[in-house]
Amino acid sequence: MSDDTLGEDAAVEQSSPATGRSLPARYVAGLIGLALLAVLPVPSLLGVESVTLFGTVTITFGLSSYQLLQVAGAFYFAMFAMSWDVVSGYTGQISFGHGFFFALGGYTSALLNLTYGVAPLAAIPAGVAVAALGGVVIGVPALRLRGPYLSLVTLVAPQVLLSVFILFSGTFGGELGLSSPDNLLGVGLGNPVLVYYIAFALFVAILAVLLAVTRSSAGAVFTAIREDEDAVAAAGLNPAKFKTFAFVLSAAVGGLAGAVLVHTPVGNPQPSQLLATQVSIEVIIAAILGGMGTIVGAAIGGLIVYLLPEYLNTVEYVVPVLDAPVSEIDFLLFAVIALVLLFVMPGGVLRAALRIARDRLSDRRGEGVAADGGRRARTPVEQVRERWRSAVERTLGRGPDRERRTTDGRRSDGRRADDRDANRGHENGGDTDEH
Amino acid sequence: MLAPEPSDNPIGASIANGAQLAVDELNADGGIGGADVEISVKDTKEDPATGRSRYQELTVNEGVDVTTGVFTSEVLLNIMDDIAQQQTLHMTAGAATPEASARVAENYEQYKYHFRTGPTNARHLGQNMVDFVEAKSGDLGWESVAVLVEDYAWTEPVSAVLDEKLGDTGVEVAMSQRYASGTENFGPVYDEVENSGADAAFVAMAHTGTPAVVQWASQQRPFEFGGIHVPMQLPSYYEATDGAVNYGVTQNSATPQSEVTDKTVPFAENYNEEFGSYPVYTGYIAYDAVHQFASVAEEVGSVASDDLVSGLEESSYTGTAGTIEYYGPDDQFAHDVVYEEGKVWPIFMQWQDGNQEVIYPDDLATADYQTPPWV
Amino acid sequence: MSTEPDAAGATGEGTVGYGPDDGVLVIENLTKRFGGLTAVDDLSFAVREREILGFIGPNGAGKSTTFNCVTGRYPPTSGTVWYRGEDVTGESAHEMVNSGLARTFQEFRPLHDRTVVENVAIGLVPDRLFSLAGLRGETGQRAASICRRVGLGDRLELTPDELPHAGLLRLELGRALATDPDMLLVDEPFAGLSGPEVESVSGLLRELRDEGLTLAVVDHNMRGLLSLIDRAVVINFGAKIAEGAPEEIRQDPEVQRAYLGGDL
Amino acid sequence: MGLNLLAVAAVGGAGAPAAILQSGVSNIVVNGLIISALYAVVAIGFTLIFGVGGVLNLAHGASITVGAFGAYYVARVFGMGAWAGLVAGVLVAAAFGAALYLAMIRRMEDEPIMVMILTLVTAVAVEQFVLTVEGSQPKAIPALVGGVTRVAGTNLQHNLVVVFAVSWAIILALFLFVNYTDAGKALIATSMSRKGAALVGIESDRVNLATWVIAGALAGLAGVFLGSFQTAHWAMGRAPLVLSFTIVVLGGVGSIKGSVVGAYLIGFLEVITTRVFDPRLQTLVPLVVLLLVLLVKPEGLFGRELAEA
């Protein structure tokens, strides 16, 4: 992981020259978190899951086998969320149907295994390749379409795929999916610790790769695209290339997670797990709540969003008005909780936490809040919002988007733009860059 | 216990409640081998992935001795490998796919922990439909039928049997269609049926049954309607569809009033007393499964899976849905419930003014078939 | 950067038809129509090596459209653009930048989510997906030195939103310079600037020219431009109405008509 | 247009006996006319919100569900009859639209992406709520009018005739409202330019609220109709939502006329696909059309014409 401050980190962290090269607190926190995840299965590995002290107090550590499996499942979901974040959080091309890529990866690998007996280790790369190809299929139109129109394409793509699956249900198993293919390396239900570590290793690998990419110059270009494509082109960078790259990378990573997932006891090549609208929505919620455009936030959000319903599932409390136990309405509760959270902190949990931590820290150091006031950058959500607004405005012919943008950009003078009418005539033509 | 939406789906509720009733009876009677029986119900949401996760919760986490339930074939197939891996006895009460038994037959040692207490597997369901037509088409006046089958895993063997054998019954097959899973608008399908001139739509429907029958009735389509229609088996279905189900015919394991065995009516009455409604077929099967399990466990004096497997293979248990025996390991339908007259032989019933009247087999019949007045 | 002999001088002004080698940037018979509206009408001119060309016209004359056609924001309806002897008509924006022609935006397009120095650094990123050029070390230093060059050395860590108007203009120039251009198109730099600021920016542009850059400066207002530019092209209604030294332009009757004696 | 479709149908059905062919064709025409009118009602609500507010309301399908279950409760559970159910469904869905706007959208108006996400999650919450309360089994809503008449070899349900007539009455009323009343013109003005509308004294808040109420009512109406000739169930709003996208993209954003034309194209396309080709293509075809239009001609087949519509 590089520790540069360009790109998204800049918005998250106050880059104070005083901290110098020492490891910032958030990295320490992140590494501790990873270390904790790494040792989670150790107690159950040793067969010591609880200790009774003085014959009275029982301390339980570690997780049961079933809980290990659940966390393993959560790792895969976190990988989905991270893959969404690469393209949507960073470049601002909001995908409403990322399940498309998970399913391409998962179904390809599963079908190769089920139909042709290809070993999972060989089938998974094929799944990744097909998913990456799917990334090209969606990414190239994305070069022409903006804002809600792109989102419509992404929203509809998984539904087309699902319709095809239903139409050819003999091959694809229809609405309810295929049965489970072979497990990767034969690691099945009998070995939950290994299932856990396979998932954890892949999680860490994907996290590392995506952090590396997004913290490299490519990441800086991604966020610049989110902010202003024309400015990126004016810097001599081809936005189309980087956007397509982001889509393909995202699709490949999502496809990889999907392909490996189906070869574990916690995953199935089935629409409800890979392709359903619900999956795509949960991924968006996870990434936004965790903190869009940070990768780490998406990972944390993914873990929480996956495990929350699992937790709700164990709650036996019966909701009075609905007369239904919590365990049966977990998804309803999840949707309502998500709705509230999205409303309260659209910037994300991670961002909110970092901001609170930072404020505390600077208070303690006796620095004024002003030290941080200089970095009131816009969140990715705000940036994407801005792009959408211009796309919608252009579509609806509400005049040049530039006007709004410059108003936001605190332009001081009120002169009229030269040639605006000519531009406008062009821009009213549609939402696309036809040229 | 794996049941879809046990608090609001009648099929799932019947599994959960039927088993609960059996467990209560067992415990009142001293449990199994003196030990109290505990029951744990998990919701599959009719979703293979969820079902699998819940199965793991039951077996990995709670370490149960036997699992039962599972309505959806796709859910069952998705847990078959886990059943093999966990080596825990599973007695299916709802899912009909013969692929499960095919796996037992092909790879006995691995999959022998799976038994299907009911319903009869999907090939036998198809056979049952053929047998019904063969016996009753004259009485019903069905000279030609349009076969409408929903496109799910469980209906594939049904379609295969119907394609193969329905033509031999002397009834003309005017049209045969597997329509898409999730179909909501049956207008186009019914137009085709009308154009084909069939006397009746001969159906196999579970997930898509309600819109199908409601649209048939409300649009007063000029053909009769019957076959295997799972929701129609539900005793409260007349109410749920506002009477649209009237004149519809379906196969069923039992009805609350039918004396399939001595145990049928008492069970249905007890169930109604306890839970305020009558069970659907999964309730009878789950109830039978728990009792059969208990009697075998008592007999072999063990709850070790391998002992139970051999015990069940030998067992002949008369429950509420018939006399339950299983095909042997060498049969193509290994560990499926035996479909045979005198053992498990489902009934056919028709909704008549809010009542489920048995019309076949004749010895159990409570009423004659009625043709819808608009046909 | 080489200093070639002035080839365009031989051709002389007012001659019809330009060749690819008549200047660093040559525009020939450029026309751009939007639907029924002709924004640029058969326009031809050349920008010579190491000059500062003023590209002048009243509001709505088609200056920005010409600019946008040249820099690849949209392709011309017809006509040809040569850059350093090569036909670059219709090339996309980033390709133009990579071949050495950078631009600034009239309405200023900073990246609001990052600091001044990071805004400049984006211009230093190579147009490759996988690049080891980190943005910290050397890149950061180069970006900082460019910032100093354009007069933002003391404001590296501010965000664009905190910059005054003149600062945003300097930032635009800094980002353009980061792409290491041979030629710079500067779109309406002086609007909204105070007198001293105009002086200061003009000084900067002149220094850049002295360092070897060729500049084309667009403005609808000649006042600030006169002392800066070497030569001017004046357009109205998308067509060229005059070309020559600033003093000639000022006296040109057609130019005066176009401006109704106002803005000159 | 009708003629072209007939020709296509005839080609598709060639070889069938003449009588069946003829009944097949009249079948397609009758069903296409009716279902398309219903789709138009759904799509107009969707396009109004997009046109006026500049946001995509992904809870539009949920409004359909809300309307259908509102009708179900009044007509079936409280036993007040089909027509009372119709009124209740429309009112409940309109109230749902108003509540959505007032509680959520109003504060997010300038953030189309958040609106899209929030409405999507709202739709999920509504679906899950209905699923929890009513279960997954579909419910029958009584037909508004019973009975069947045989027309040109096709059984024509009186219920569907009512659906058709009411749908068209609503479409025409809306068209007149938008074009010939001050309130309607305010709507158009707001859709053209919020700033401009504010300048001439139009309160865009109120116009937006009105739009959400109208859209909710239209969706509720469609929900009751769908429930009465199919069934009502928790996920019933999904397919109409996707159809609305398709129709709106096809017909151009914010255009009532465009929506009607788009609805008829999609409706007939769907009916022809199911009758002539394969019923299982029913869901796929509109999706593919949507993708093609988005990729090839994203401004819609007819461009934007809210200005004069």
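Some observations on this one:
All chains are identified by letter, namely A, B, C and D, in their written order; residue positions are counted from 1 within each chain.
The definition used in the following text is that a residue touches a chain if its C-beta (ideal position, glycine included) is under 8 Å from a C-beta of that chain, and two chains touch if they have at least 3 such contacts.
Just so it is clear, the structure is predicted and the values come from calculations on it, not from any experiment.
The most distant chain from subunit C is B, comparing centres defined as mean Cα coordinates. Annotation: 40 Å between the Cα-based centres of subunit A and subunit C. Distance from the subunit B centre to the subunit D centre is 38 Å, each centre being the mean of its Cα atoms. Each chain gets one centre point, the mean of its Cα atoms, and the points for subunit B and subunit C are 78 Å apart.
In subunit A, the positions touching at least two other chains are 166-167, 324, 328. Within subunit C, not a single residue touches two or more of the remaining chains. In subunit D, the residues touching two or more other chains are 132, 280, 283.
Applying the touch criterion to all chain pairs gives A-B, A-C, A-D, B-D.
Contacts from subunit A toward subunit C in the complex involve residues 2, 4-7, 10-11, 15, 216-218, 220-221, 223-224, 226-228, 230-239, 241-242, 245, 374-378, 383, 402, 405-406, 408-413, 415-423, 425-426, 435. Residue ranges on subunit D touching subunit A, taken from their complex, read 51, 54-56, 104, 110-114, 116-118, 120-122, 124-125, 128-129, 131-133, 191-194, 238, 242, 245, 249, 253-254, 280-281, 283-284, 287-288, 290-291, 294-295, 298-299, 304.
Residues 94, 96, 141, 144-145, 147-149, 151-153, 155-157, 159-160, 163-164, 166-167, 277-278, 281, 284-285, 288, 322, 324, 328-329, 331-332, 335-336, 338-339, 342-343, 346, 381, 384-385, 388-389, 392-393, 395-399, 429-432 of subunit A are the ones touching subunit D in the complex. On the side of subunit D, the complex with subunit B involves touching residues 20, 23-24, 27, 31, 76, 132, 134-140, 142-143, 146-148, 154-155, 157, 159, 228-231, 233, 236, 239, 271, 274-275, 279-280, 282-283. By the touch criterion stated above, subunit C contacts subunit A in their complex at residues 34-35, 37, 39, 59-65, 68, 71-75, 92-95, 97-98, 102-115, 118, 121-123, 125-127, 129-131, 133-136, 139, 157-162, 164-165, 175-176, 178-179, 188, 191-192, 220.
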